[in-house]
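Next come two complexes built around subunit A: one with subunit B, the other with subunit C.
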Partner chain A sequence: MADAVMTVEMIQASQAGMKALGAGIAVGLTGIGTGIAEMGIGSAAVGATAENKDIFGLVLLLTVIPETIVIFGLVVGLLLLF
Partner chain B sequence: MLKPRPMCRVLIAAPKEQMEPVIQELYRRHLFHIEDFVEQGREGYEGFKIGMPLPRANDASKELLELRSVTNSFMLKSEDIDPTQKRSSPELEKIIERDLPLIEKEATELLGNRSKLETQIKEYEQKIEGLIPFTAVSVPLELLRGYSTLTVFAGYVSRNVTPACPFDSEYIPSKGRNFIVLIVPATAGAEAEKALNDAEFQPVEIPEEDGYAKSRTGYYAGNIATLQDQIKEINAKLDDQKKQHAELLLACDELLTAEVERAEAPLRFATTDLAFVAEGWVPETEVEELSRSIMQVTAGKAYVTELEIDLEHDKVPVEYNNPSFAKPGEVLMDVYSRPKYTEIDPTLMVSIVFPIFFGIILGDLGYGIILLAMVLGLRKFLKGEEGRLLLITLRNASIATIIFGILYSEFLGFPLWWSSIMPNRHLSIGGHGGGHGPAIPELMIMAIWIGILHITLGRILGMVNHSRQDHGAHRMKAVLANLGWILVMWGILTLIWSGFAIPYMIDLTGMPAVMGVSIGAIAGAVMLVIGVVFIARDSFLEIVELPTIISHVLSYARLVAVGLSSVAIAMVTNYIAIGIIIEPQLEHLTVIGVVIIIAGVVVFLLGHAMNTALGILGGGLHSIRLHYVEFFTKFYKGGGDKYEPFGMKKKFTED
Partner chain C sequence: MTAMLVGPAPYIYVCTRMRVRKSKLIPRDEYLRMLNMGLPEITRFIEETEYKTEIDELGTSFKGMDLIEIGLSWNLAKEYQRILDITPGFLKEFTTAYLRRWDIQNVLTIIRGKMQGMSQGKIKEVLIPAGELDRVFLDRLLTEDTPERIAEALKGQKIYPILARDLPSALADGSLARLENELYKQFYSDLLVDARSGVKGGPQFEEFIKLDIDITNIKSLFRLRGDNLQEEAGDMMIPGATFSVDELQRLNSMENQNEFIDSIKNKIKLRPLLEIIDEFREKQSVRQIEVALIRVQLRQMERMAKIYPFSIHPILSYLEMKKYEVFNLRALARGKESNLESESIKGYLVM
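Coming up: the complex of A and B.
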């Protein structure tokens, strides 16, 4: 690699690529996190609703709480890209 | 507005012989929310007992039970049927006595016959199942049983079996399971069984049938087909009956339900040997009217009075009191919880802000029009009260979507003729972006401003609620704690503003400095500290919740983020369908090209259909979630009882 020449364009291109990678990782990992978090809540919520229909609203609410995580990821991703 | 309908606690006392007219009148007025009497020796109620049902209760409930068994098997629901006429009670009573038993008898007979036929079909199906393994066997079934010197084995094996003793067998190999019929002398039974067991033998019972299994199967299948035809006939007859009598049955149901409810009302009253007392809730505006009419039907032999309300201990039933345009929002409130009587009712705010949030998220003229068309189309099919209100909510949301679509200048992801009035959301996908790409920072700041204001409003409402509901020393602390949350939030904001100049936000960087620190920063820090003190004075543990200020405000970024993702899906769909599939074909039109263009149109439609579904789901769920989680947690508890006045809304009958 000693004789490799880095031009400014190459550095800029790799920076853009890194940004895109970062954005992708941010959204992807937070998505996984949200998924894992909602997995437990969701299954409990379905069980609870089967027992008592009246709490549907409350459990829907509890289920979507971890959604904030992926929204943060998306926000970070968007800020990185634009 | 913002408060539930004011209620009065009303007590009615009268001699027992006036019970029936009073119940009739209360039922007819549909205003009195009965508070059930419980025999617990409450002060002033010593010696009172729960009343006995009126004499008619037994017969009416029996009749209702019989009727319900028919309406249930017809799957009749009053929501599904629009009445063509209202029947009067005396006319219906005659029908109930004369015609109803006949209709019920006919229906029960048909239903009984149907279930008999269904059992028979099940039996035949079981027989066929037992016969299936033998269909390939080349011997009639009667030859496989009834021997004293021979033993017959039949069942599944993993491979063919040839025992050492004399035997005859038929081996039918098939994929997965091989069937064998093995006949050996009775004396060699044990030996053969051992050989079979080595081949993982699973015995199958030999059916008690004569003839070849195949023909028997055919015979039973034929029988099943005939029975099914008969069932179809019965179903058609039942359908005819249902169509013919639906309205009448529902009207009878309504009348009998009313009768049973009236007859059982005394179970909720307090009675002595000679008199009864009913307590309940009536909207303040209706009290006078109700007491006057009760006096009238009892010829002045009743005593009606208003009781004082003890807001701390009484569970006052809650009836919404909203202007008609905010009514649909009540559905969204009931999903969460009905407000308490003393609480601010946020329905009005929800019904205004929910469509706006929905519009900000979806914000596309095309999707707005599609959604509006869907709502108008669905109106014919959704008949229930809740469904109707939900549709109105969606209609408002779709109108907001259209308005924001015009502001964003978006139509199914395409830009319209004018440039976006709101911060631009067009991405540069496939060169369709136009301009300088999306204005992410502006959009974010817009979302955060919405969050700051919405949460501040929530906290202010929290102060009002606490000042109304709490008492003593706790009241002041709780109010100040809510003020503390506002101070902390705005203190953090002031600190940020005096450090950095952010576009579209207040710029405090130019403030004069005292001892090297800007006044803005000092003010921010002071607000923050005071706020934290206020919060800690109410409840020290709340301090750990401080970071939620940031996470809740940032959570409003979903208004932008979810919206942008739906724009992205729309633009990608357009690019794939038009840019990649259709446009290149249009240059040199060929026969195959036309097919590809049709495929492109299909992709276009599918993509946008999916995005519409996602848009409704995302827009609806996220905006309601912002209310439930970020807004309501600041001030709203809920848990009020629904105001359910004694009586019913008559649909099929009239007095």
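Coming up: the complex of A and C.
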């Protein structure tokens, strides 16, 4: 059985790959979380706006609050990559 | 299938709409203010609320009390139909089943009108087409000459088997009371079958039906005691909830008021109902008792709507509250028209 040989270049490339994977997972999972949270808030917001158009501004603000989750994911992703 | 594809979003959407609509209902303070108004002022007040479109639409054809009555009925029917339009999935099935109550009321109103020889126009004024039978279908029923032909025209509808079975004897007796009881019993039994069919949300719907049956039965018991009637008790009672028909008959035969109330309390578990029933030990009018029971029911429905926020409860809670708003406005207007004292009118309001 031949011994596996790991060069420094291979390890560096592997580390870069893992970082990219981690960044992808961070953004992807937080994106899904944001989507789930916004689904509930968004449908309630549309329902409330259908009954009372004056609250559109307020419900829009409430709907985008879960965006913070994906922004955290993005920040973590950027920190990993750069 | 739809629910699986789109998730809970449509349920959240419709339940939120119901909550917003509930917040737009006339509050208690406004009713108290209206008690000091005259009929023209009440009409103007109603015009400024959610009933504006109907009052404006009918303003050229009707006046005074008729305008209010018909405007309110039209608004209630339209509101219920609009809710059915926006309700998704299993909630729509349950709401449709619940609204069949109005079909029974409308068909019986038409048959009663025909038996008393009233004109089509007069009968039409008091119909509330909020159920499965729409305005066009009810118009077709109105053109039928006899109650038998009305029953025939309903072939294929859920209420037809009971109508076909009991209408001949009801017409022979000259009273539809027994037929009405049978129709409502069948209605509740159908609702329980729908709720127990294994559809998602069924247990919550069953909870509401049982509450409704219990409150209706307790109301009937107090009404029977008020009128000192014994013989019809079994006919009026609806099975399927806390009390069996035998138990209800036994309760009805009790002479002593304290013993009667203690026996009810032994069976029911709902705390607000237990508290209110204790107050009925003192002599109160049947109407006061009924209003107190309706208030307990509405409060309990609101509580259930909070426990299950995206279920059938927020919808049913709004439908019931809207119904009592219309009843309140009608009672207010009728009371003012008959020059009743504000205090007596207040006793008829559910607020």
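Note that the second predicted complex is superposed on the first by the 80 of 82 C-alpha atoms of A that agree within 3 Å, B and C clash if a C-alpha of one lies under 4 Å from a C-alpha of the other, contacts with A are read in each partner's own complex, and residues count from 1 in each chain.
Rule of thumb we're sticking to: contacts are C-beta pairs under 8 Å (C-beta built on N, C-alpha and C of every residue); 3 or more make two chains touch, one makes a residue touch a chain.
What you see is a predicted model; the values in this text were computed from it and never measured.
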Simultaneous placement of subunit C and subunit B on subunit A, clash or fit: fit
Touching partner for A:57 - first (subunit B), second (subunit C), both, neither: first
Touched partner set for A:74, first subunit B, second subunit C, both or neither: first
For subunit A as apex, the angle formed with subunit B and subunit C - C-alpha centres, to the nearest 10 degrees: 50
Subunit B versus subunit C as contact partner of A:44, first or second or both or neither: second
First, second, both or neither for A:20, with subunit B first and subunit C second: neither
Closest Cα approach, subunit C to subunit B, once both complexes are overlaid on chain A (Å): 9
Contact residues of subunit A, present in both the subunit B and the subunit C interface: none
Residues of subunit A defined as touching subunit C within the complex: 39-40, 42-44, 46-48, 50-52
Residues of subunit A defined as touching subunit B within the complex: 56-58, 60-61, 64-65, 67-68, 71-72, 74-75, 78-79, 81-82
Contacting residues of subunit B [partner subunit A, same complex]: 334-337, 437-438, 440-441, 444, 551, 554-555, 557-558, 560-562, 564-565, 621-622, 625, 628-629
Subunit A contact footprint on subunit C (complex, rising order): 7-10, 12-17, 20-21, 24
